[in-house]
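Encoded as structure tokens, the structure appears first; notes follow it.
For clarity, chains are labelled A, B and C in written order, and residue numbers in each chain start from 1.
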Amino acid sequence: MKRDFITIDDLGDAALVELMDLADRIRGNLRGHTADLPGHVMGSLFLEPSTRTRLSFETSMQRLGGRVVTSSDPDTSSTVKGETLADTVRIVDSYVDVLVLRHPLSGAARLAARLAKGPVINAGDGSHEHPSQTLCDLYTLRCERGPIAGQTVVLYGDLRFGRTVHSLSRALVRFGATVLAIPDGDLTLPPFVMSDLAERPGYGVREVVIDDMEAIFKRRGVCATLIAPRAMLPAAGAGPATLDLAGRRVSAIYVTRLQKERLAGGSGGGTLPILDHRFLSSPTFNESIVLHPLPRVSEIARELDADPRAAYFRQAALGVPIRMALLLWCCGLVDLPKGPERQSSDGAWVEGRCANPSCITAKEAPEWARLVKGASGTARCDYCEEAASGA
Amino acid sequence: MKRDFITIDDLGDAALVELMDLADRIRGNLRGHTADLPGHVMGSLFLEPSTRTRLSFETSMQRLGGRVVTSSDPDTSSTVKGETLADTVRIVDSYVDVLVLRHPLSGAARLAARLAKGPVINAGDGSHEHPSQTLCDLYTLRCERGPIAGQTVVLYGDLRFGRTVHSLSRALVRFGATVLAIPDGDLTLPPFVMSDLAERPGYGVREVVIDDMEAIFKRRGVCATLIAPRAMLPAAGAGPATLDLAGRRVSAIYVTRLQKERLAGGSGGGTLPILDHRFLSSPTFNESIVLHPLPRVSEIARELDADPRAAYFRQAALGVPIRMALLLWCCGLVDLPKGPERQSSDGAWVEGRCANPSCITAKEAPEWARLVKGASGTARCDYCEEAASGA
Amino acid sequence: MKRDFITIDDLGDAALVELMDLADRIRGNLRGHTADLPGHVMGSLFLEPSTRTRLSFETSMQRLGGRVVTSSDPDTSSTVKGETLADTVRIVDSYVDVLVLRHPLSGAARLAARLAKGPVINAGDGSHEHPSQTLCDLYTLRCERGPIAGQTVVLYGDLRFGRTVHSLSRALVRFGATVLAIPDGDLTLPPFVMSDLAERPGYGVREVVIDDMEAIFKRRGVCATLIAPRAMLPAAGAGPATLDLAGRRVSAIYVTRLQKERLAGGSGGGTLPILDHRFLSSPTFNESIVLHPLPRVSEIARELDADPRAAYFRQAALGVPIRMALLLWCCGLVDLPKGPERQSSDGAWVEGRCANPSCITAKEAPEWARLVKGASGTARCDYCEEAASGA
């Protein structure tokens, strides 16, 4: 079976741990792996602007001794001649040994994986997922703060369109962490993520209103969502519980940029204060590292860059060894424990159509579009994972 | 002598056969050739949008262990500073060991070959030629249908601006195939191609009107051109002959996309039905494979993709081994039988100027522009090969 | 200490000579160095259009057996998401072993070097410097005309925005050459360059009016600046001295393109005749080679291309071995004599702000902006090197 990596759930817990162990070993000798993937070619297909992720993957492949071919400018590629993603993928897949795809539409990577004969890695599909970033995030957490179980991680900012937190929040609860999601205005974690988190055995979800830290520096009444093992949740009441931050130790605060390019007109955002020294001087965040998938615009004050807790540039650097490990697995050079978290959806199709206008199936390949039944029984699109309309 | 590959006629019949034999051997062990071209650098100069051809060449070079430097965005290159192609070519040629050039103007590759000290490969020059695609097409025909001699190949679509069919039709008649050209409206094979085909010893050309297959599905009176060994032509009459398809077995139908980016206003196109299951269920095309240089827009119905006769994605994949073979020859690593089909035009210059506004000599290098005498005695441009005006 | 190459003065005279000696040895066996930099990755960050320089660096790295990752399209990179150069540099630096940067703002490379942990090479920063081009220029002069001391080099054209002549003129006087700067109108060498040249021990500067060669072909009264060892200067008088070219032998004339993309509205230019056969047939330029950093637009008549003294394409070719030598030094594979020409500016900071609107500190990183005291005691920006306003 070919080794696609489309969502973080394509790798089970034991596999993720082994992948991080492998990254540790690679990191000790970054320049010593040029004989690992001789004769392998990676197709780097970035149909949406990107620098960091593309360069990180391309550096990783080259550090392994593999080769890279790149198509990164949507305006000069065959798509301007009217080619579908399906055709592009089948062609490039026929040239290379592994395909890394970024695409502006949700579900594009899943479609590509269905069509390609070789392995496909999702390097970001619309506002859906960005699972290799999650590998990098988890790996940074582990390198900087030790085992993930029991950690409390704050997600802060645009949680609706910031796809990196979609993969990350799923992975954090899988490893037994507590997640406190503080959205920027109404840019909350989307339903397809929340339903996954809510279904986690032993976990519960509670809407809360944050108290203290001057209620996040005077914008009093900041709403948030706490996703935690049931024992750690505040008692359920009539309305949202009040969350007293004083008693909590946050191990990391993960900040995301407002995804202006995905905001349709009216949506909110801009309601949260930027992360600055006031946060890190509060007891709650005193020992917290600061993470960010980058690029940063102005969510994190530059004054923090010199603080040793500012871990975002170290986080970027760790993307290379963990992506090297991922490529070694995808190309079949190392094995990982079986047991992907994600159950195969074959055989559980449901009648209906995805109604998400940003789903790849809204643009092409309607013949492949299909709905599947989620764990809670609701139908959702097999590509973008949004709940089906009327389902 | 340096080994340029500008038109398909730069390689003789025996050379083409040996090149395909070499590609067969490479194909058996695609990842085993990384030691073939150590220390060689390919300049990939794509001054017109392209994904497939560029990635195919770059993959090929890398699979041979060579290296690649790429300039693929016309908007960020030195041409925006006003540099001529002649200067760009001389500079990049001085860096690299082999130059692969795509350019929007006809004849650009011939000009580049004249200026470069190293070998130049034409990766498509305007609406002139695209000979490495022809290698791929011929190789696919041979892999899928055996020896080319005696095959009947239908060319279907935009034959005027679809440069791939220009090289292909020449090569097919060289190997003894029969070509039935079915143009989309007035987008027929251009005169510089037809004159070559007509001059082929033993061959004849006949305008025909196609009968049956419900006269290509009800657009009755579809005109076509049959290029075949004389014995296989219908008798010449006053008007176009009627061609009964029923008696013919077509081994491949080669479909091209309407080259909208090259169409000047008024030209036709859009007159032919898209290729769908009705074609393949007719006896004429029953055993025919379907080829396409890709990208496809809507010339081939997607319903055909799953049909084993749909060979266009296999055709794309075969581009890599045949281009690997080509690069090995151009870089001097393998020899091929001498005797290029194309006669050197040196010493047979004719007075006059090319009048083709899409010829590279219309834009630059007027001092190098020259006309040569074709086999039939007519003067034609040595670069774009169009007949000289008034000649 | 890491080995940045931001201005030509980062390497002392002895180091430059050894670098050219190394390039000589490399040039003898260009394809034989693929084992020199295994496991090293170069980040090629071109945030301004370029083909030649980028391809030259990328070819050089690949000929050394290193690998390259490229970000060359400003429009598809993270900068469109609002990322600062400082962040981009820190991220890419964390992936690669050496960073090559081109940027539209002066001083950008110095800022990058301050932030990166690995070595940074300036591949052109605004209208400031382009020191690897200077390596190439010096190396060409030495290959074609022997030792640089005592040569007379004419700089001809846009000397204000043509950053290549800024580095070059500094290097020429360091090696004891005489420079005759003939600007196009008011596009003279900028003050930050002139003050450096004037401070050279044993050197003097004289404004002159050129006499003969029909006073540069009838545009009589052409003003120029002579920078030469004192003994070779005309006597100082009340006004500009008249310079009789007849007695001088010029070893090279270095032509630059009008940098239209940097001209703010009113600036002059276009006052000098294009360089054609009349120059080379004059006794003064009879033995002169013609150099140009390329791309050329129309500053040099194409009729000269075939003249053996037209050295600009040979000059482009020599960029590869000299950049290979540079990369070997930056990556720590070879050592060069210590003693950079440029004194560290640490500890000599001056109060104030740079007022150059094209300086990187005008756009970002105001907290790092600083002025330093030049050799003559004037304050200048540590990044773009322009004199501070009011200083």
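Operating definition for what follows: a residue touches a chain if its C-beta (ideal position, glycine included) is under 8 Å from a C-beta of that chain, and two chains touch if they have at least 3 such contacts.
This structure is a prediction, so every number in the text was calculated from the model and none was measured.
Shared numbers divided by all numbers used gives the overlap of an interface; between chain A and chain C this overlap falls below half, so the copies present different residues. When the CA atoms of chain A are superposed on those of chain B, the rotation angle is 120 degrees to the nearest 5.
Mean C-alpha positions place chain A and chain C at a centre distance of 44 Å.
Touching of two or more other chains is recorded for residues 68, 70, 73, 75 of chain C. Those residues of chain C lying in contact with chain A across their complex are 38-41, 43, 67-71, 73, 75-83, 87-88, 90-92, 94-97, 367. On the chain A side of its complex with chain C, the touching residues are 30-34, 46, 49-52, 54-56, 58-59, 62-63, 68, 70, 72-75, 257, 261, 294-298, 302, 313-314, 316-317, 319-320.
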